[in-house]
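Pasting a structure here, questions to come.
So that you can tell them apart, the chains are marked A, B, C and D in the order they are listed, and the count of residues begins at 1 in each.
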Amino acid sequence: MNTEVTVFYFAKSAELTGLKSETIRVPSELTTLELWQELVNRHSRLSAVRESVVLAVRQEYVAFGNQRVSLQHGDEVAVIPPLSGG
Amino acid sequence: MNTEVTVFYFAKSAELTGLKSETIRVPSELTTLELWQELVNRHSRLSAVRESVVLAVRQEYVAFGNQRVSLQHGDEVAVIPPLSGG
Amino acid sequence: MAEENPRDLVDLTHDKLSVDAVSESVTCPSCGAISIFIGTTRNSFDGNKVVRLEYEAYVPMAQSELRKIYADIRARWPTVRHICVHHRLGVVPVTEASVIIGISSPHRRDALEAVQHCIDSLKATVPIWKKEVYEVAEPCWKENKECQWTEQT
Amino acid sequence: MAEENPRDLVDLTHDKLSVDAVSESVTCPSCGAISIFIGTTRNSFDGNKVVRLEYEAYVPMAQSELRKIYADIRARWPTVRHICVHHRLGVVPVTEASVIIGISSPHRRDALEAVQHCIDSLKATVPIWKKEVYEVAEPCWKENKECQWTEQT
């Protein structure tokens, strides 16, 4: 089953996709690694930052791996490059 | 030989002497303990704070003891109660 | 009494920051100490002249990550009274403040330690990004060494 | 260039203190960090309601002792750029600042540590005195625990 989520891109990842955000349909149950792959399928240039980003789901950090996430309609997903606030 | 110095009193010591400052004649060579005694001779109430003050001579701290100081005309001496700045 | 409730204050703003505003927002009659940290824009990096910085944030998540830091500070320094972070977004010219942190406590040790912990944690976990724009070289997205997933560490 | 010369600033004043003024006086284009400590008047001590504080100083010696502290800071943290201490004298009402310390450095660790050292040293060696005036109890000359010749330690 698929669901609709909003993806936010920041910093370098926004430059690579040319987008600040987009709404996409993804499987509602998947691993964080599969979620990343969904994003790379849409924006191949993202693969350049694979080693230096993490994801956030519903505004909580998630690491890449086999950890499963359940997504609901309207959930926020974000690509989080290395932080440089302060 | 005697010389004339200006003595400053601060905080509790100013309350005990009733003075902010005064000019007095004292021996030009004496120990810091003798210098203190000169002050107590003038203001007996100062003896109450003997254990909790130090002196400053020419704006430098000196401890009570047999350490000798040479005083010149116009030198500043000060009675320094426990500090509470900040 | 206002004094009874510890304040957890956050402001992410495009406006110029004010040290006085942060200081006043954490002042309280039962506190003897306020510690403040100001992060400012430097004029050069590795010999490249910096023209300006540009900040962006994932605003709602930045706010929630800051509140996690505040909860952690209150667990470590229970006497801390008020906590305030103002972080600027958008363009920040050289010498202007990008972040101001203010923390009050009855005695100074707690506020001093908590401010240091707050800026260290902010750099590690709060989703905010800074692009340095140079006079000559290409603009560069910076990476805090405190961040756990930079390639540089 | 003004930036080349580290500034050692001292002001002992009967005027109300300004955090912005201290912050601006230590700002410099090559620094990324400013750390500020503000000591404020508390409203109670041991259950006695404090009405106000009164400060007095041995002004010229206070200035020279502060400059000794600055020299010590520069020896310990050579990257420290500007140092500024404003200390208020006379009557200070509750919640107002009695002292503001500001220190800038290229990287934050130095400014943060130096400010802490500065307030610790100030309390130990700078000839300034504070009388607490209470609503009911007799006024009391305070004694910093950092001072080496108080009877209380």
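Here is the rule we use: a residue touches a chain if its C-beta (ideal position, glycine included) is under 8 Å from a C-beta of that chain, and two chains touch if they have at least 3 such contacts.
Just so you know, these numbers come straight off a predicted model, no measurement behind them.
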Joint neighbours of chain C and chain A, given as chain labels: none
Greatest separation from chain C - chain, by CA centre: B
Whole-Å gap between the CA centroids of chain B and chain C: 49
Distance from chain D to chain B - Cα centre to Cα centre, in angstrom: 26
Distance between chain centroids, defined by C-alpha means - chain A, chain B (Å): 74
For chain D, residues contacting two or more additional chains: 39, 119
Junction residues of chain A - those touching two or more other chains: none
Pairwise touch network: line, ring, star, complete, or other: line
Pairs of chains, among all present, that meet the touch criterion: A-C, B-D, C-D
Chain A-facing residues of chain C, complex: 39, 55-58, 60-62, 64, 87, 98-99, 119, 122-131, 141-144, 146-147, 149-152
Footprint of chain D on chain B - complex, ascending: 8, 10-12, 51-54, 56, 59, 61, 78, 80-86
In the complex with chain D, residue positions of chain C that touch it: 18-20, 23, 27-44, 94-95, 104, 106, 108, 112, 115-116, 119
